[in-house]
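A short write-up of the structure that comes next.
Chain naming follows the written order as A, B and C, and within any one chain the residues start at number 1.
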Amino acid sequence: MPELPGRLEKLKDFLQLLFTNKMAVAGVSIFAVFSIMAIFAPFLHTVDPKATGEVGSILLSPSWQFWLGTDDLGRDIWSQIVYGTRVSFTIGFVAAGITVSFGTLTGMIAGFYGGRLEEVIMRIVDFFMMLPALPLMIVLAAILGPSIWNIVFVVSIVSWPTTARVIRSQVLSVKERAFVEASRCIGASDSLLMVGEILPNVIPLMFAEAVLMVTEAIYAESVLAFLGLGDPTTVSWGMMLHFVFESGVMARVPNWVMPPVASICALILAFTFLGTAISDVLKPGYREIKGL
Amino acid sequence: MALLDVENLKVYYFTREGAVKAADDVSFSVDKDETLGLIGESGCGKTTAVFALLRFVTPPGRIVGGKIVFEGNDIITMSDEEMRHLRGKGISMVFQGAQSALNPVMTIGRQITEGILEHEDVSKEEAWERARKQLELVGIGSDRIKNYPHEFSGGMKQRAMIAIATACNPRLLILDEPVTGLDVIVQRQLLTLINNLRAELRLPIIFITHDLSVIAETCDKVVVMYAGKIVEQASAVSLYENPVHPYSQGLIRSYPSAKGKRKELKSIPGAPPRLVNPPRGCRFHPRCPYAMDICGEEEPAFREKDGHLVACHLIK
Amino acid sequence: MEKGSVLRVEHLKKYFPVRKGFLASFSSKKSEYVRAVDDVSFSVREGETLGFVGESGCGKTTMGRTILRLIEPTSGKVYYEGTEVTSLDRRGLKNMRRKMQMIFQDPHGSLNPRRTVSNILRQTVTIHNLANNKAEEDAMIKSALEEVELVPVEEFWNRYPILLSGGQRQRVGLGRVLVLRPKLVVADEPISMLDISVRLGILNLMAKIRDKFGISLIYITHDIATARYICDRIAIMYLGKIVEIAPTEEVLSKPLHPYTQALMAAVPVPDPTVKMHELPIKGYVPLNPGEISSICRFYPRCPYATKKCHEEEPPLVEIEHDHYVACIKARRWVKGD
């Protein structure tokens, strides 16, 4: 009888299954492309994205030197796209990390302890969910001032309630399972129960949530930056859109408008695909339903 | 001629890990006026075999071989239309776990009349009248005809299922674990009902269970299944008095009894095998105290001993 | 109550409030309670196995959990060898867990699917600091696995529960608890979810371990036939109360409470030559646990009920030697009225 796989083998098995899902494959492919851009940025025919050029080099059309042409300050658009990937990833991952960590913490505590504590936490969650996300982000960004970390903060504040809710309901169901009671009977403390018994059964969900949170963050950054609340010292796709809009020539420069738009959409799509595919594949019975 | 003749039935489930031979070369028969008990543990194939009788086997399962002859006709080769007529009217079944088998949004009256109207050419009034009679028959008052399933207790739901299943006067009734999970007193009341029905309606019954004591209270003939195969067939009295197959012996000797002299019990080592890869030869041999070399090589054929049909190499 | 008793339970109660609907909560009607465990008192003698038998809703499972404070009692006291368990603080309770433990019913759900067998047992060792170093930990785990017959130990060490059979999982559950060398174990239907050919093996293992380590056992089940084989005494529970308690063979052959008599008449026997007896019980539907007031709980179904039964609760009294019954009729019968 084949021995059941240890953790690494389980992961391999899961990945194998995941890649039968077309969405996952599409998502990972796009993600791979952008990852290459982010990691190998200096080697991809780029120059300093913030370097402005002389008067003669503004608003150039795509050419061998500048693959996507230049913007109204002579900056290479292709380089902006490539380096902008780093910004998107940074904001995306950091915001997702904060959101999921905090969301899991609160969801776990609320779900585990129940009673008054849960009530209080969930009402706070409800309150935050009630606030309209975009206006809130705009107001906060305006108050806090333009900087990447403020954007990360703002996005996290707005997104954590959803995660908290999702995690809490998973915790509620895991909490009822007999092995949790059995551990409690052996003498495990509350924290040991939460970390040792419940958390491992919640991690897959956290991961799927994290992936989806990245899309929220990227989207939020692009909106805020477009509206002028972004960090002008950074090169991000949202800022590019802001500049092209401000420049007044937006209708005439598809080589400047399309790349950031396409990149934002593509990356968000990639993570959405990946997140949805992961949470589908994790659902029990996925194999059977797909006839694998 | 027997009412039902199952010959060499094979039902396999084709899964990713391989073919699960849920019912492998199963043969038994049921006469009119007889209650046949089908006993075995979870996964032994008893429910699968019985699902095949009603052609309820769904992919990845498939009837791979054999014949099921009911009243002279082979069920396996019947058309879908003929099968539809047969279900509920020729052969009827009460499923395990009545909680989920009853439609929660239909009154019990409707669930009974639905079956009647489907199979018989009667007026609605007549169908409802018969539904009332059914409820009386099973000991639920006819005044509860407009109740919904959630208003019934576990035992009453089971009775309701029996009312539905017998509404069209089937010629064979199959009961799949009808009292499993019920309290002892409710169980007893239900078993009394089943015995009474059987006498009143002269209804042959196939009774599936894993509970040895329940079989003893209700069945004339017993078929013992293990890991997808039949290991012994005998009359109930004869089986309990003198079990021949080592598995039957093991079961009966390990079964505690609340009454009578306190007897010494002996347990069976090991556990039932997974059917994806059953043991070679006799499927019980890894746990059998009398296993010989041949038991691990060749599947035993049925032989007769003391009036029992037994699949065991020990019998010459 | 008794001297030489390992466990003493006095007037244990566990009531669950019945949630009222939103609108009903505005009414002044008092909340209703489900009296799952309603004034239960008994003691367990050293080394004895006391069975609790009853049907669903009788409160036996809740009682088992309440004794161990997995559920907090509404009122009442539990004493373990003189120490009051019900008043222990968190640390005291954790220490008490080394003496009083539980075996769970569901072999599938009671093991964390993400922990290996050795990991599950190790958790017990580390929580209570039973070992000074890893080698000692490993030795304790190995010894526990050997006791529950999961051998060769290496084969099971890194196995995940999903690859274990039901019987093997219950053995792990036993091993997990055995590491502590408890003196009192509450077994909550430990074999009812196992295949029938496996049940006796686990039951025998429990008996073997009980005898070897001098464990007092509370065996909770709905299956009185099984209880017969492991219990020294049996308590019959009905709607939250103990209605009869006596040595095993006494309860089975000379049941004095009408409910016990009904149970014994109803229990099927694996012998086709034994005919089913008349069932001495009226009607189908028992009282709801929420509908109770001070009458004999069995009154609506009792074939011998009199007016007095409807007026007061019968106390649990010793009718014959070591045979307690909560029924005024039983008292009369034995006394020959």
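The rule we apply is simple: a residue touches a chain if its C-beta (ideal position, glycine included) is under 8 Å from a C-beta of that chain, and two chains touch if they have at least 3 such contacts.
No experiment lies behind these values; they were computed from the predicted model shown.
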- Message: Closest chain to the overall C-alpha centroid, by per-chain C-alpha centroid: which is it?
- Response: C
- By Cα centroid distance, the chain farthest from chain C is A
- Whole-Å distance, C-alpha centre of chain A to that of chain C, is 51
- Query: How big is the gap, in whole Å, between where the Cα atoms of chain B centre and where those of chain C centre?
  - Reply: 32
- Message: Suppose each chain is reduced to the average of its Cα coordinates; what separation in Å results between chain A and chain B?
- Response: 55
- Message: I need the residues of chain A touching at least two other chains; which ones are they?
- Response: 1
- Query: What residues in chain C touch two or more of the other chains?
  - Reply: none
- List, in ascending order, every residue of chain B touching at least 2 other chains. none
- Note on the structure: Per the touch rule above, chain A residues touching chain C in the complex are 1, 3-4, 6, 177-179, 181-189, 192, 196-197, 200-201
- Note on the structure: So, in the complex, the side of chain C touching chain A is made of residues 68, 70, 94, 97-98, 101-102, 104-106, 109-114, 123-124, 127-128, 158-160, 162-163, 173, 176-177, 180
- Residues of chain B touching chain C in the complex: 41-42, 139, 153, 155-156, 183-189, 191-192, 195, 210-217, 219, 236-237, 240, 247, 250-252, 254-260, 262, 265-269, 271-272, 287
- Residue ranges of chain C in contact with chain B within the complex: 55-56, 165-168, 195-201, 203-204, 222-226, 228-229, 249, 252, 262-274, 276, 279, 281, 284-285
